[in-house]
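Below is one structure, written out as structure tokens; comments come after it.
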Amino acid sequence: SKEEVKDKEVVEDTDNPEGETTPDAGAIKVGLIVPKTGQVAQYGIAVENAAKLAVAEVNAAGGINGQQVELISYDNKADAAESISVFNRLVDNDKIVALIGPVISSTSLAVGPLAEEAGIPMISPTATNLNVTVGYDYVFRACYIDPYQGGTVAKFATENLGAKKAAILYNSGDDYSTGLAEAFKATFEQAGGTITNYEGYTVDDKDFKAVLTKIKGNGPEALFVPDYYNTVGLIAGQVKEVGLDVTMLGGDGWDDVQKEYAEVMEGGFFANHYAADDPDPIVQDFITAYKGAYNGETPNALAALGYDAAKIMLAAIQTAGSTDGDAIRAAIKATDLDAVAGHITFDENGDPLKAISMIKIVAGELKLEAKVQ
Amino acid sequence: MLKVNDIQVYYGAIHAIKGISFEVNQGEIVTLIGANGAGKTTILHTVSGLIKPKTGNVQLFDKEISNIEAHKIVEMGMAQVPEGRRVFAKMSVQENLEMGAFSRKDKGNFDADYDMVFEKFPRLKERRKQLAGTMSGGEQQMLAMARALMSRPKILLMDEPSMGLAPILVDEIFNIIQEINKAGTTILLVEQNAHKALTIASRAYVLETGTVVLSGPANELLDNDEVKRAYLG
Amino acid sequence: MKKWQELLISLTGITILYILISMLLKFGVLNNYNRGIMVLIGINIIAAASLNFATGILGQLALGHAGFMAIGAYSAAIFSKAVGDAGMPDVVVLIIALCIAGTMAAIFGIAIGIPALRLRGDYLGIVTLGFGEIIRISIYNIKAIGGARPVLGIPNLIGFTEIFFLVVIVLMALFLMIRSRHGRAILSIRENEIAAEAVGIPTTFYKIFGFATSAFFAGIAGGALAFNQRMIDPRKFTFMFSVEIFIIVVLGGMGSLTGTVVAAVVLGILNEWLHFIDQYRLVIYALLLVVMMIVRPSGLFGTREFSLVGLIKKVIRFTKSNKNVE
Amino acid sequence: MALLETNNLGITFGGLRAVGNFDISIGEHELVGLIGPNGAGKTTIFNLLTGVYLPTEGDILVDGKSVVGLKPYQIVTRGLSRTFQNIRLFKDLTVIDNVKIAFHQQMKYGIFNTLFRFPGTRFWKEEAEIDIKARELLKIFNMEESADKLSKNLPYGQQRKLEIARALATNPKLVLLDEPAAGMNPQETKELMDTIRFIREKFDVSILLIEHDMSLVMGICERIVVIDYGMIIAKGTPEEIKNNPKVIGAYLGA
Amino acid sequence: MKDFLQQIIYGINAGSIYALIALGYTMVYGIVKLINFAHGDILMMGAYFGLLAITVLGLPFPLAIVIAMLVCAAFGMIINKVAYKPLRNAPRISALITALGISMFLENYFVVQFGLEVRKMPEIAWLKGEVFIGGLSIPKVTFLIVGLSIACMIALQFIVRKTKVGKAMRAVSEDMQAAKLMGINVDKTISITFALGSALGGLGGVLYSVAYYQVEPYMGILPGLKAFVAAVLGGIGIIPGAMFGGFVMGIIENLTKGFISSSWSNAILFGILILVLLFKPSGIFGKNTREKV
């Protein structure tokens, strides 16, 4: 564990957000906006950890064209107004050349137009809302979009599982959840399936027995629950309690669900960015490095995307050979990179073209079931 | 038995009591009279420990009590019938009386005391179960006095017990005050009804805006021209 | 001093402040980041002042202000997007949009106020909280306005100048209102509703009027927020957002509009400054809040108002008395 | 026609008949006393007259027209005005504002004029007018010095006077005073008697007052109505009341 | 019909937890007239302490409950002393803001201390599963929660109505100064009130996390808010009212989710609350006491 501590120090030293210990005048400054306080702070912290790791690796390898990279990160409480403030702060006070983040779709939507106007290339690791990149040249993302994901799961349900009747239970107060639910519905019905229930619930709901009992009455074969893993785990437990016999399906929000809820999640499928059991050396190296830096914690999908986003950005700066916004933008556009979450190139919009992994939960482990393009 | 030595009391910036001293001896009825806002209630609150004087001190049974908490002073044998009665409106008459006996250590055996107060205030006996808040002003005043007596005080402070009462009740209340005193309780009485107060009291202090302007045996003050003009009308 | 002289002094003070900040912005002493913070603070001032009108002046505990801001934000957004290409000048769009935002919020304020204002104190608080939640949940469920999806493509119509004058206008309107027979009527309801009615104040009317006025300005604050963010995230308008505004009001002093201004500035700067403690930001923020309330239980200003005229008078008196000593 | 007339007025609170069969008639410029034991229903009668409570029986006529069912602020326009037994001032407002609020119904300028105060408009005229009137009122009660103090900081006696001043500001024909001398010493009570007489002349109003201080009641009232358990038990001049055995038994004592 | 009854059973399950939390809310409100917005966070702390007692100390479940209640009671007293007592003579709204401040503090402090990841309450073997009666499934936890919340309600009602300290509480709630003049130690009485209320919050927290097996720093907000609504619905300050309000809320909530719309359910819930208050302005059990003029 001594080594771990050492490693951690190295990481934190090289990218101290305040730059107090390493005031490197010539450093390339890259901004990071993530939620570090409030209800979704864990996403932000996972992304920050991973991005720090990526930066530390680049710096350890001598930096970019001899210059060190300084990652300056601010908390945005997952709030749009705060995101705008910290973006301005990064640009005006800290003089960043590029931005990684924000994490949540709504905050990315708020920062997008500003990045565009300021000519600061931005890559959100995890904002899945369709509109984040639409109409902007400088805005990119490292994850796939809601409709693509929702549609893929629906296709998987009809083609691979042969489901005819499915129910949807989604968080009606959440952009991501609503987006996936709509896409799933459209694709599933297009493929000739029937949606028996299309039920919303509100954020923070903990008791789903009533609505699950209602769903049970309609006898669906599959239940699509596009939410984050904690809620999904909770719902899965209650699915068993009310005696509803269905295959559970979900999106990348499910990532990590196997840790605490293996028993109730058994046999469920979900779309994800990467699988920790992927033998690909890029993946395994990342996992090893992350574990080394953060007390042996296994990185989740958000961390993987944060790492990828940082890697894409750093590689683009390297390729561009300058800190000019336009050059970096062009370099990102031309990305052709093997990343943790698969091989990445960008389309017209700035959305990545990469495969979706459909993952099955078997005995508390994630098994790659299919890769869908 | 009660000694107040040169106390000064402030409400924030308002200087309400500007150096007052007086004493009350065993078995006396002492009355404080004075115009509105002279500081009578403030003095009683200070003596009871609800407010702390800025300077000066208060002694009860030769013990300084200026820095003792109000509820402990009650345990030492002082009770107060507060201005405006302040009975516990949502509690029954019986419960109000229980609250009066709260500080007593001789647990549970209050029957003799109930008998004593019910004898003085027969109306309360009929209304044992009634909520105090629904009783008329006069009945509430009786309850407030009975409640204070339940702690078997050695000294009883009363703040304007006749305020807002019908004339017939005013007489009754003053009679009862005298009875209580005869039974051995020392009394410090604050009254607007100066005439009545001076009639039953042994000594009196006259207050004006936070200071004592006159004091002496009650019957002398009753004949004092200044007092007559200012307080007896 | 005559009334108009006092007014002149206040206006001069405001103008000087405007010119000063504009200059600082122009010469780069204050940058775009500072400008953004000032705009946000301005929006908070409007929101909190409007809440203070309902809670501090009218005396009705209102815990659902975020709901009115949401209505204002959506109304302004829908209008500005609808006329987006009509070629109207920005200022005109802004003014009309904010008027619509305020009016829509006021209409809801009346609709909510009529039943709710029959209740008192904490009960009123919980009902307004409930209405705030109903508004938010309704937005999630109305597909036509985007449901839980953020509303996008709102033009950026709010800069420093706009927010500065908006704040001045809103505060002026509230001050003028308070210092009139209508304002006195509203204050009397806060002080003692029964006595107010007994001296001839139609209390029901003024309660609803006061509440609607408060909602109106909250709507404007919501509209301004939409124009500042250029997008609306419906999840913003939770009970916690109402609480944030409420905190500004109480910290500044219930019933003191200038106190609200100061509290909004203090909290706005504090929030930015605390970035250096990163994850601990909210922990320390909450602690400081508790400490501030314990130190100044009636808020920074109590019910008093800061007055430039009063200050000048004091200074004059002070210098005069000093001269006398010499 | 009497200024105020009640017919068979009564109210029941969940079984308790607090007031019943209450008939009274008050003419112009009269000074009438209402007395009775604690809990007899005196304050309740004031609450009925001013619209705070809705009577369960009977009628109230002001200038011959019924006011039953009107809101308290509407009754103010009919010329009734009151003070409260437990003082109800606008505590955190200044003394002068307390009075100005009561002028509300005599002012007419609207919201527009409030926000756009162009010189020479109604706003300025009316505000200047009531400022003068309010100060005059305070002067009558020797309170002009306290105009800018917060009313909660006044001594108790002055608070009672301010309530009366405020009641007068509504331009009433009949003023209802609920225990105006409570908490005053005999000397202050005497002064209050003079003030009450003075305002009756100066404002040409009738006065109905509740009081337990017999020196005041007997000293200034022309007529006295006595109630017990919500019912009238005697009516008459002070002399008659003083010697009425029923009243002595129930209220005055020996 | 069967569905309907099943939904009612689930409603009772959810409602009994609201009831339990509402009891603590109502208790504190009834005595000190403070909407203790930190009550939901006491619940959260109770859940954490229960969890830690089971996982770290390896204590059996009933003992864990006791530990959680005791620690919460202590915290309740500390919070009262540090944050509310200094404001006892201040405007009520100020105390409301400190309550919110304490709430924010606790949440965020637990975030930095324990992280945001949801911890899972270990399953309690003897509470797992359902009992089937006439085709209806009743979770075993339901029996425990319903039983405990009714027991707590009765105990609390007994304490407040019949015991000396309970009467002192009522006296303090009516008139603090007069209470002092009776020889009542007001500080101590209020402290006990917070201790009792917080202990109930802690108990609620453990049971909540057993029923929904998740523990995280923000878990108290929603149940806290709903329990508060339940307390208001029943008539805030009234102990049986809180109980009743909790059950009514739980049942209405589940029926709306089951038969009307789950995404509108919270809106409908608040709508019903508002309707009730319009007709009974001080709650179902509240007496409509008009201010005496």
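A, B, C, D and E are the chain letters, set down in written order, and residue numbers restart from 1 in every chain.
We take it that a contact is a pair of C-beta atoms (placed from the backbone, for glycine too) under 8 Å apart; a residue touches a chain by one contact, two chains touch by 3 or more.
Being a predicted model, the structure only gives us computed values, none of them experimental.
Least step count on the touch graph, subunit B to subunit E: 1. The chain with its CA mean position farthest from that of subunit E is D.
Comparing the centres of all chains, each the average of its CA atoms, the largest separation from subunit B belongs to A. Once the centre of each chain is set as its mean CA position, subunit B and subunit D turn out to be 32 Å apart. Centre-to-centre separation of subunit D and subunit E, using mean CA positions: 47 Å. Between the Cα centres of subunit A and subunit E there is a gap of 36 Å.
In subunit B, no residue touches two or more other chains.
In subunit A, the residues that reach two or more other chains under the touch definition are 37, 41, 45, 172, 200, 202. Contact with two or more other chains is made by residues 108, 111, 263, 266, 293 of subunit E. Listed in rising order, the residues of subunit C touching subunit D in the complex are 4, 173, 176-177, 180-185, 187-188, 191-192, 194-204, 255, 303. Residues of subunit D touching subunit C in their complex: 50, 52, 71-73, 76-77, 81-82, 84, 88-93, 97, 100-105, 107, 109, 111, 114-115, 117, 119, 123, 126-127, 166-167, 169-170. Of all residues in subunit A, only 17-18, 36-38, 41, 45, 74-75, 77, 79-81, 84-86, 88-89, 91-93, 105-107, 109-110, 113, 129, 131, 171-175, 177-179, 200, 202-203 touch subunit C in the complex they form.
Per the touch definition, subunit E reaches subunit C in the complex via residues 29, 35, 83, 86-87, 89-91, 93-94, 96-98, 100-105, 107-109, 111-112, 225, 228-229, 232, 236, 263-264, 266-267, 270-271, 273-274, 277-278, 281-282, 291, 293. Across the complex, subunit E is touched by residues 55, 61, 115-116, 118-120, 122-123, 125-127, 130-131, 133-134, 137-138, 140-141, 194, 239, 243, 246-247, 250-251, 254, 279-280, 282-283, 285-287, 289-290, 293-294, 297-299 of subunit C.
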